[in-house]
Amino acid sequence: MEYAASIFILIGLFVILAASFNLILGYSGLMSIAHPIFFGLGAYTSSLSVMYFHIPVIAGILLGIIVAFLFSIALSLPALRISGDYLVIASMGFQLGVLQIIRNLDWTGGAGGVTGITPLFDEIARTSVLSYVALVFVAAAATVALVAWIVTGDYGKAIAAMRDDEDAFKALGRNAVTMKIVLFGIGSACAGFAGGLYAHYFLFISPDQFDLLYSAGILTMVVVGGMGTIMGPVVGAVLLQVMPQALSFLRLPAAITGPTQGIMFTGLVLIFLFLKPNGVLGKAPPRKTDDGDDDDLASVNTSPVVGKR
Amino acid sequence: MTTRRKFLKTMLAAPAITSAHWAPFNSSAFAADKEAFSYGVALPLTGAAAPFGTDQVKAHTWAVEEINGAGGANGRKLNPIVLDTQAKPEVGVAAVTRLVSVDKVPMFVTAFSAVVAAVAPIANRNKVLELSVGANSPRISKLGEYVYTTYPLADVDVTLLAKYAYEKLGARRAAVIFVNDESGIYGAEVFRDAFKKLGGDIGAFESYEATGTDYTGSVLKVRAANPQVVHLHGNASDTPIALGQMRQLGISVPVTTNTAGYNPELIQKIGKAADGLIVATLAPGPKESAAVAKYVERWQREEKRIPNNMPNTQYVHDSAYVIKALVEEVDRAGKPFTGDTLREALLKIRSFKLPLTETVKIEDDHTVKKPVYLIGVKDAKYYEIGLYE
Amino acid sequence: MTPVLEIAGLRKQFGGIVVANDVNLAIKKDEVVGLIGPNGAGKTSLFNIVSGLIPHDAGTVILNGQPIERLSMHARARLGLTRTWQNIRLFPSLSVLDNLIVAPRYYPGESILRAAFSPGRLRDQRKKITERAYNQLEKVRLVDAATRFPTELSYGKQKLVSIARALMNDGDCLLLDEPIAGVEGAAYEALKNVIRSEAKLGRAICIVEHNISFVRDLCDRVLFMFNGKILNSGTMDELMARDDLAGLYFGSET
Amino acid sequence: MYDLTLYTQIVWTSLANSSYQVLFTVAFALVLKVLGVWNFAQPALMAASFYCMYAAIDTFGLPPLIAMGIALVFTGVFAYAIETYAFTALRNRNAGPIGFFIFTIVASQFVIYVLTLIFTAEPRFLLGNMTSALHIVFGVYVTSWDIAAIITTCILIAVLYFFLHYTRPGQFMIAVADNAELAETYGISKQRYYAMAMVIAGFLINTAIFLLGSKIAFYPELSLHMMLFAVAATIIGGIGNVFGAGIAAVVIVVMQQMSVLFIGSRWQPLFVFVILFATILFFPKGVRFRGS
């Protein structure tokens, strides 16, 4: 019962994370894998503010969303101002830096993490588990809907154009940087939301839960499901949450399962990357008209971007 | 025992839970008369804590075999359901949730501070008894009604080290260097406070990162304090490196350390540089106890080595006997096996006589008092210094 | 009268190669200027610098009396400087119409807040923009292609769409990079007329083109560029008359 | 408050310890400059090269130097394979930054998992004994490892510098780095120099891993942590400036160890990130002006 519930809750939370990360990576083409840190910021802000200032849990979760949003702006503003490349490392540095700070502060529970977090619902009642599952599912649906709304319609057109060809996009007078910062902020805020929901159900958080290796998990969900598709991340999240659980009932020797899961999923990504780059739900990529142009001495960026044409 | 370095995660947030029902017991001679007693064992079987976790599980399994072979807990065979925690909180949470709600166990044993703390809410929420068999964080004693430990918290051994350094080594100026994680910080603080209380003074109090590769700055700050003794509180994996770098940077004074220093590889890797190390362990060694001697023998025979962090494996081994006692107690009272009845039994018995760790007494404040065994290193060999109450 | 676009002392070095070596150039309104020269002469690089794609080392770029060389690419476009690309660069995942719709100097859809809080106003603006988009398509006779995707169109038609997209900006200065290359027949004529009529609307237009006759027909003035330097200017015929230039031009063209 | 010997000691020892960091950084910066790829697959190369040596020494009992030779070839081939089979494929598919980003990140994870399966995540030492001979020079403790590490690094960097600036292939490589399309029009095959850069990076990494492994214990995931330093140093040194990145690495390592004397050691790891953000904020183009 509780087992099933916690699986469902994790699925819901990871749908939120994957969907919002997809907005950042898949739609906006922003190279950040620091998504877990905003998840973490949400979780920490929410649980600590409730703990110290005795505000209602809901308020705590909202606060978590705001903090995650603000931090994302603080990160993307300087980094994107210069070049997309800087966001890659800035985000990683930010992720590890913040985790390091959390580890070293006493009032964050330090490296040991936060125990005794106030649950959102009374933790004894069995029904509360169900209502939590329901809540998380609603939240997940809402996130997916939000992403869908953003990437369709006028704003969506701009996003698509930016992703297709950023230079051509800018040359038309579109401010790509602002758009990216906004999208990064929204995505991160969603992650913060998920963080709050996580903290007030599992009632324990520690810095190690938000480190680089988590980033890979979310990345896998997005890539396998299908980058830049609405439902792709949902499929990815469900798939990658359910599979290991199923696997765990096969009763394989433990020494194998740990790494093999990792191998399975990273391997999955690599396969998809080369054989089905658009993921499970992805459609064939639009053929690029763009081909090497001889006269165009300067068509290559002055500072290296990830992967030249 | 410590929350150790971060390790490879499976790529998922509710990561690998591996359940291995230990086949032999299901098919043992007296399966007929009484229903077996199933309980959870949540220890790291993968990740870098695996070298310790797997040895602990092996030790526990041996104990279970002995017990079941000798007729079990008055006719009930013990059936441990072993799940992997990777020594990571979130993996532990998933594993224990599974134990509690799928396998419906009334109690489980686990170790590693972060995991013990992370799963405590589940134990309390479901009224299931959580027995920590290897965690030294101060929080362990304050995790709730259903969380108990058979393993002494750091203050027991580290306080003694401070005392030994002050009285036996006659040190007045000490320095502390520790790994920057929960148990490292806590252990270091215990030593600092204990040593100051005795009237000594702490020249330097420096940490290093478990994921770091270069401890130069911290080590030299310790050297600059020019201490008469250094307390090193690390994890089994980084203690050799830390000690090595200290010796290579000219810190030649005696170094006291927690049980993490009781590790054959340490000697093998830094050789004579390990001389002057003083390790506090919380379990008797082969010299003090014939049972332990036999235990070590079996390791040598079957694994050609002594277990990683042996004292810990002794506690995990003996946890099977604690469970045996609890089961018998509950059976005697003719009660069903629930977290509550087992907890009552635990508090009723309180003092357990155990094969490898001798007397373990559960205190009201959820802690355990134990004598401490000091082990020294001379000419790149461990030798017993003595037993301290 | 002051020129629309004025470039003075523009320099840019690339690794070892000088792609813009003290380039000076002014384009008045109603004027169509041609920029010719062998491959690697730095014609496109000049466009890239002027449009803000790549930073310049020295010199000034002035648009309608305002220095823009320090501005970002989109800021320059918002001041009315638009360019097309040698390799077209339409947005493959948008329909032809949408390619134009995202192109005006101010695109209301760019603000997510407006999308969220004043959808009504957004709808009106969208309507106006759609009309304008159809007008541009009208000019290049591609109204019927509005709902199709760029990759479904012939190369020539794609070129026309990219010109139409640039026109959505309604700016004073147009930089057209090889607008006619690969365009034949009806499209060719259509394009020529569009450029003419746009110039008549008071725009300053600069064309990089290898098609000599096209340049001759269209351009009031032609500049010859070589190794990042503007060597000569005059009418196409004057330039063609000079063997040395022809030598440079065709000699280096393999 | 501290005597001179101590400062000298810190500078010396951290200088020695910076050796492998410098090599990792230079390898990373070189690939970034020439291929224009943030090679987050570098950890894969690092871990693979370590366990290749580990297996050779521990399993097959080969002498360290021979093991290193084998690993050198192995790592070079591995690097070459990444370029020719993965990067080229992505380039041909116009995969763009995101494609490279995902591939490199995931590839290194994949390799790390595989190695964990084979060798477990338990920290391993490369050599039998991790302590090396001590010499005391004016009160400064100098180990033979320190000397070996510093000399090796200096030689490698010098050779690389000479190669890039005074040999034709090197100059071609720079040309490709500056502007591949242009270089191609001059008849230089960018493909060839992309591969060459990767192989050189592989060699640097392998040497660095040997230095690292003979001093501290290595476990697969450590490579990830180490890469981050390289990336940070690359940005601080100024993207596109390979040797600037190397110098940045030295400076950061020394300053980081030095900082312990003035700030609490538990905050020391933050040092890199603080510098990193300061750089991104105030020196967008890197602290030292860029080459070329």
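Each chain gets a letter, A, B, C and D, in the order it is written, and its residues are counted from 1.
Note that in this section contacts are C-beta pairs under 8 Å (C-beta built on N, C-alpha and C of every residue); 3 or more make two chains touch, one makes a residue touch a chain.
None of these values were measured; they are calculated from a predicted model.
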Of all other chains, the one whose Cα centre sits farthest from subunit D: C
Most central chain, judged by mean C-alpha position against the global CA mean: A
Centre-of-Cα separation between subunit C and subunit A, whole angstrom: 39
Centre distance in Å when subunit A and subunit B are each reduced to the mean of their C-alpha atoms: 36
Rounded Å distance, subunit A centre to subunit D centre (Cα mean): 29
Chain centre separation (subunit B, subunit C; CA means) in Å: 72
Contacts with two or more other chains, residues of subunit D listed in rising order: 109, 112-113, 116, 120, 179, 182, 185, 221, 266, 269
Set of subunit C residues in contact with two or more other chains: 14, 17, 39-40
Residues within subunit B bordering two or more other chains: 6, 8, 11, 46-47, 50, 180
Chains grouped in pairs wherever the two touch, ordered by label: A-B, A-C, A-D, B-D, C-D
Parts of subunit C lying in touch with subunit A, wherever the complex brings them together: 12, 14, 17, 19, 39-45, 48-49, 51-55, 72-74, 77-78, 82-83, 85-94, 98-99, 101-110, 112, 115, 122, 126, 149-151, 155, 158, 165, 168-169, 208
Residue numbers on subunit C that touch subunit D, as the complex places them: 14-17, 39-40
Contact set on subunit B toward subunit A in their complex: 3, 6, 8-21, 45-47, 50, 54, 82, 84, 86, 88-90, 93-94, 97-98, 100-102, 113-114, 117-118, 120-122, 125-126, 137, 139, 143, 180-182, 185
Complex contact set, residues of subunit B against subunit D: 5-8, 11, 46-48, 50-51, 180, 206-209, 211-214, 216-218, 220-221, 223-224, 237-238, 240-241, 244, 247-250, 268-271, 273
Residues of subunit D defined as touching subunit C within the complex: 174-175, 178-179, 182, 185, 292
